[in-house]
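Two complexes follow with chain A in common, the first pairing it with chain B and the second with chain C.
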Partner chain A sequence: MQVRIYSHLHKTKKRKTTMNIQKHILITTLILITSNAIAEDLPTGEQIAKNINARNEGISLSRKMQMVLTDKRGKQRIRETVSYRKYFGDEKRTVIHYLTPRNIKKTAFLTFDYPEAEKDDDQWLYLPAMRKVRRISASDRGDYFLGTDFTYEDIKKESKVTLEDYTRKTLREEDLNGNTTYVVEAIPVNDEVAEELGYGKVIQWIDKNIWMARKSEFYDVRGKPLKTIYTENIKKVDGIWTAHRLKVDNHKTGHKTLFIFSDVIYDKEVRDDFFTQRTLRRGL
Partner chain B sequence: MASQNTTRSHNTKAEHFFRLVTAWPKTVMFIAFALIISCAVFIPGIVKDTRSDAFMPPDHPALVYQHKSEEIFGLKDPMVIAITSDSPNGVFTPQSLALVDRLTQQIKNINNIDADRVTSLSTENDIIGTEDGMQVEAFFEQPPATQQQADMVRAAVMDFPLYLGSLVARDGSATLIVAELIDQNDAQSVYQELLTLVDSTETQNGEKIYVAGEGAVSGYMGAYIDADATRLNPIAGLIITIVLFIAFRTWRGILIPNVVVLGTVASALGVMAAFGIPFFVITNALPVVLIGIAVADSIHIFSQYYEETAINPNDSPRDIVVRTMVHMWRPVTLTTFTTMAGFLGLSLSAGMPPMQYFGLFAMLGVAVAWIFSLTMVPAVLSLLKLHTSKNFQPDQKTDIYASFMTFLGRGVIRFPVFVLLLAAGIATAGVFGASKLVLNEDRITTFQEDERIVVADTAINQRFDGVHYLDIVVETPQTEDLFKPDNLQRIEKLQDYVSTLPHVNGSTSIVDYLKQMNRALNEDKKEAYRLPDDADLIAQYFLLYSASGDPDDFEKEVDYDYRMANIRIRLDSGQFQHEAVVVKAVEQYVQSSFNAPGIKANLSGRVNVDYHWIKSLGDNHAASVIISLLLVWAMAAFSMRSAVAGLFTLTPVALSILLIYAVMGYSGIWLGVGTSMFAAIAIGLGVDFAVHTIERLIVLIKVKGHSIDEAITALYPSTGRALFFNFLALALGFGVLVSSEVVPLIRFGTLVAVAVSVSFFASMTVLPALIKVMEPNFIKPELSLKTLKQAEAN
Partner chain C sequence: MIFLPSARYVAACEVLARSSLVLASLASPVANAETSNSLLDDSTLNMRIESEWAVLTKDASTQKLQLMIEPELETEIGEDASVTTIIRLRTDAKDNLSPGDHSQVELREFYLDTAIKDSIVILGKQQVVWGKSDGLKVLDIVNPQNFREFILDDFDQSRIPLWTVNAEIPINDVTLQLLLIPDQTYHEFATPGSSYQFTSPVIIPPTPASANVQIKPTITPDKVLQDADAGFRLSTFTHGWDLTFNYLYHYDDTPVLFRTINISASGPIINITPQYKRTHLIGGTFSNTFGDLTLRGELGYLTDKYISTINTLDTDGVVKTGEFKYVLGFDWYGFTDTLLSTQIFQTYLNKHETGMIQQQLNTQITFLIKQDYMNETLHAEILVLHDINYEDGMLRFKLTYEYNDEINIYVGADIFYGNEDGLFGQFNETDRVVSGVVVGF
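Entry: the complex of A and B
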């Protein structure tokens, strides 16, 4: 903020008279004083983001997940899966096996997320009716994940955030259903990133005690309300705060997504070969 | 004797009434003006409804089903922007593709355009097979920089059958940007913005940009018709004023009838607005119709008034006025009721709300014109000092119009049989013409041929498969029944069949996407472009697709629980005759070969809706002619106490309708939305001439004791002259519509003007000739018969 004001001053100096410069300095000083006064009470957006990302997520995770997808007319698709996630250094691997409905049972989805931004993720899908594993093209960050209202980026980050994509500003402290939260506004750093993510603005309600977003409002690149993600039923599992229910309302399409997690287990019995094409084919 | 007594007692009552009206002239005038103002205040609140759907009753099954399928599959009437290029590479050049990309972005930023529902080459995904899998990705993320890259995009698009003919011209010379609106009712401003955008876009490679589509058509229709109505109605008013000036050459003869016009139009439109009845496309013709009709009563009253003044210039104005009204109230009332009967026929027979309301409000206007003519007109006249018109001198032959009519009368008396033979000839030609009538309609022909929207529509329908859509909605009972290969194969066969029909150039359904996916998952082998035969595999394909596609990618093809599917068929013609062939064939096929236990199909889409309402237009037309003729006959027969008199009254209008049929049949004018209304209106208006003629002849023969020849001779310079101006007012009033930009209005106006002219001339020639030759009983003086009988008895 200070840098920006300085450069603004610098530019004006070239054009305006000394009188004007003094006036500007006076005004900016006033602004600085007042904004500092607010900032003293609240942590900066940057700090909050760092606190969120510092949370422990465990090296590996296994869980069952029920996906309930509802379209605007109330028609539902219900799918049950079991999934595993494991960090291999900074590389994150995820595998999802479908259990129901019957016609997609044994279908499995494997993803390797590489930490390098320029390296595309690898994805494979096993189709039991074909008995073949098929590689599918790397998805863009803003693409929707398996017909849900989450984007690949949402899924990849899960309860974390990216520091470099957004500039964050803490708006206020607010009570949300009995939890004290910081309301943080995140704006993509530039239009290109906004276009890539599909978001023009995100407002998050971050629980100040556990550093998890309890609610996130997303706006599209044109500033229109896009969707709201509710993080619910947060319980400690193996000492790690874990959401057991994620709900998304898409305001544009009227579509809804509900993820219900159960049997969540951290850091136990997730073998490395779970994340191979062979296991994908063979099943669990 | 009895009837004469009743006539006399009617006239005594009438005299009382007109004495009363002229006793309180200022009160009557005040009430009249209060009525005009209190109706006029509602007019600004009038709602416009230029949708073609407005022509169908909202509960029509075809329309209800259309709305249902629109909701399920998110189908809307979009704006269609076409970019065409005649360069050797078509639109697959770096410049043209960059133009598509740029325009797509700019269109997304237009207000009321649903940015998420803009489709073009720069937004759509390709499904391609790779060695070990399948890719769903954009045809290009960034517009290609070199011709080589553009060639690769072309190769990819040409290898994706789904988009050929729909998104890209099969020869690569054009591509579309299809944009949906958030609020369909605001299409007008979006269309204008698109035109502004297109006009300000510079093209580098000689590309042409067109804006069309159903969204654009309905968007433009509103503005087009508004502009037209604003121009036409004042012209109609002006022309009527000129007719009044020629007829009377006095201020009162011009101004007072104009007040009647004002009251008529204000009350019809005001009541319409007050009751929230929308202003439809065809309602534009209503003010012109009302102007023509409203002035007719005045013309007859003023003619009589000036005749009376010329004969008795020393009487008091009130006496003259009362005498005029006692003479004229009966024919004026009778013509009002017959005209109303004609409009009632239109209203009763039309299954379509715009026509029902047209008939209804025309009836209201006619009634108001009658009330004004019988109250306000005598009230004002009784206040004015007597002033003779230069056109009405005691010696009536000085007026060239009267002389012309007298000349016509002589001809009829001399050659009645010739006149009747001529009429019989016209009638015969009419019957043949009617058999050649074609029921047809095409929305785009509402506009003049050189309008941008017509040029755009033509260009798009030429280069693409067509933008007229017939939808076939497939329904199955259970969730995911559409995964069954059996059902999918049925859909495939239906599509194969439909593609053999004329004007059908392509169709799209979920089957096409499944084939594309099947090919992609089988290393892009050409022979794999077919339906998989395993329901589980199909379920897994959809899951696979969702890993890289958008959740709503198949929204237009299949519903969320895979129970209903939509097949969209593209036709390159919006003509009813073409659509009817396809709709009937598809209905037949669906019944005989598609429907089976566990699966059925229904037709939907704009083409189906249009087919149903235009089809009913034909039936309604026949019904409206028959009902109008019957009502008019009943009205005339009842008031003249003679069924035969009723038939005589109908002769001129029947002749006029037959002649119009002949003109339409031989010159290939379609019986369509605009033209189908002409008959009922022409009957209601045209019958007035016959009513006035017969009424006058009865009075001349029965009351004044003239012989038939004497009566006919006396008819022409007075009633004939008034009728001539009545005819001029109507013919010129409707003639104004010829200068309209809206083609159906031009046709409508021309047909009514011609029909009214024929009715007038037939009433002035055929009708007197018929009476002279046949000497019907209703015209014979009862008095002389009775005297004869009495003499015999004695």
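Entry: the complex of A and C
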């Protein structure tokens, strides 16, 4: 009897186990189907990057910028600049002139950003104390730009991205302060590029409606948190979505950088000779 | 110690500022009282105040205790013109660099910068800087130099501004710079008895101790236009290369020491007559980047260079030759926030005779390491200049801290070493430690 009972129990248990397995398979299958469906709905990292780069930023731009650099003890340094950017075909030229403070006034930086990935950019720096325009290497893209927490590469790309430097993966869709964003993970294509950029990983929250990163977390080549860039006060100027505040928190040094943009004007006539060494020396 | 301007000094600056407004008004097509007021609104007055203390390492004595105040007034005139006025007031509590001349007030620069169509014209007292090298000069000879502190002063401070007509005219992808310099001002050398008086036989031809040496008055060009320097520079950027071609017809800023020897009953009398002589400078510069490396260089040829000789049979004591100079520099940006730079500098005389005080081929090399820390608030710099021929050189350290936007503090050392007959070794006794504060607002 005990054997029969046991046998019945065993059969019942076996039936239940079989049912559980079937249930698990069903749930797993449903999850997979659902997640595949979600994944299919999400654009790929590559598509998002292309959308970011396709965003209109006008043929030319002029703007003023205030840089507020704050060290970990709260001491601030403030710089005022005026900058111009213009497309010459696919080639982007940018010039930044420092207006204040006195010790760096008239310092100016000019860059030619070529569309060909294999071609290094050309960069010049005018140092008023030397009264010379100095040609500088553009390959050390990971160097920090004149005491800020932005690298030369960050400054050059502004809110755009380099397609060939990273492989991108869309992680999820997420609400960020009321804005729907795609969370994209970008990993440098190899160690050499990672060393060059100074980043081992970047996670960006890309606003799906305006294709602009609202937040970007940067990790160093060892995978430790490096800095976070917040893009704020985004509003349309001349029909073009424009960030008016860029804030960087450097998690390693405790240093902070804030860029505040004003007098932003798109597609106003910007003279070609603004992007020459002659104007770099002379100032604006 | 931070030096702040007194009320009297500020008042003096205001007078200077208003004086330059007068120039600005004259430059403006509509000069009237209303314009003057608007010019005042369009003026920016900046100030640079630097105090530096240098202590000689040999006896811990103060070599220099200097205060320099440099107001700069820039007045905008209309949309594309401005007048810049820079005054320099310098006073040194010690008397080692310019004995008998404790304090100087100098109009450093005073020029009108205006655009005429696409061209730029800069008229007035100014500095014109040519060349790509650091610390050594091949083409950067448009303006003469003050050697009161040898080459330790920043070139921006030691270059002597000249009254110049300077025009930059774009022609397609080339910019043509034209220069006319009707200003007969030449190098200023450290005065006898000062810390950096030249004694090296490479510069001052040696004379027998028993000889009666008589220095005649210097023959200096004095015709404003006939003796003016003139030149041009063509510059372009093509296929990744920055290129210039430079030409300058000018007086060499170092006088030629013509010598005659007369035999008298009391012994030989050596007459030295310094005279400035003209030469043509033809040269060019180039620079490009290759990955982390920046290559830059400049070369120049002086057609008429006069080198002193100790050969007593030579009739005038100098040998005329051509001089070829070049500098090749490599800047490497491979490490974060670091610049490693090296240069080789060579001078070759295409005519050489026994007795000439300068060797036919002279070679100098430089090494520079610059590093930035703490978001570029702390800068460290080490510079070495080494002369291969004379096995002497100079070593400079400098550490600068940007306390805030207005105040920089620095400490450093200038060390000379090697053969005392060499350009650097002659100052072996002037090794020093320096510290200073720069206030800018």
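In this section, the second predicted complex is superposed on the first by the 232 of 284 C-alpha atoms of A that agree within 3 Å, B and C clash if a C-alpha of one lies under 4 Å from a C-alpha of the other, contacts with A are read in each partner's own complex, and residues count from 1 in each chain.
Convention: a residue touches a chain if its C-beta (ideal position, glycine included) is under 8 Å from a C-beta of that chain, and two chains touch if they have at least 3 such contacts.
Every value quoted in this text rests on a predicted model; they were computed, and no experiment measured them.
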First (chain B), second (chain C), both or neither touched by A:A129: both
Touching partner for A:K252 - first (chain B), second (chain C), both, neither: first
First, second, both or neither for A:N103, with chain B first and chain C second: both
Partner chain(s) touched by A:T94 [first = chain B, second = chain C, both, neither]: neither
Contacts of A:G198 with chain B and chain C, given as first, second, both or neither: second
First (chain B), second (chain C), both or neither touched by A:S60: neither
First, second, both or neither for A:R73, with chain B first and chain C second: first
First (chain B), second (chain C), both or neither touched by A:L146: both
Which of chain B and chain C A:R222 touches, first, second, both or neither: first
Chain B/chain C common contact set on chain A: 71, 75, 77, 101, 103, 123, 129-130, 132, 135-137, 139, 143-144, 146-149, 253, 255
Chain A - residues contacting chain B, complex: 71, 73, 75-77, 98, 101, 103-104, 107, 109, 123-125, 127-130, 132-137, 139, 143-149, 220, 222, 252-253, 255
Complex contact set, residues of chain A against chain C: 69, 71, 75, 77-79, 100-103, 105, 120, 122-123, 129-132, 135-140, 142-144, 146-149, 198, 253, 255, 273, 276-278, 282
Parts of chain C lying in touch with chain A, wherever the complex brings them together: 46-48, 113, 118, 120, 127, 129, 131-132, 154-156, 168, 170, 175, 235, 237, 240, 242, 287-289, 291-294, 296, 331, 333-334, 336-337, 372, 374-377, 402, 404-406, 408, 438, 440-441
Complex contact set, residues of chain B against chain A: 71-72, 108-109, 115-116, 130, 132-137, 480, 483, 521, 534-537, 539-541, 543-544, 546-548, 550-552, 559-561
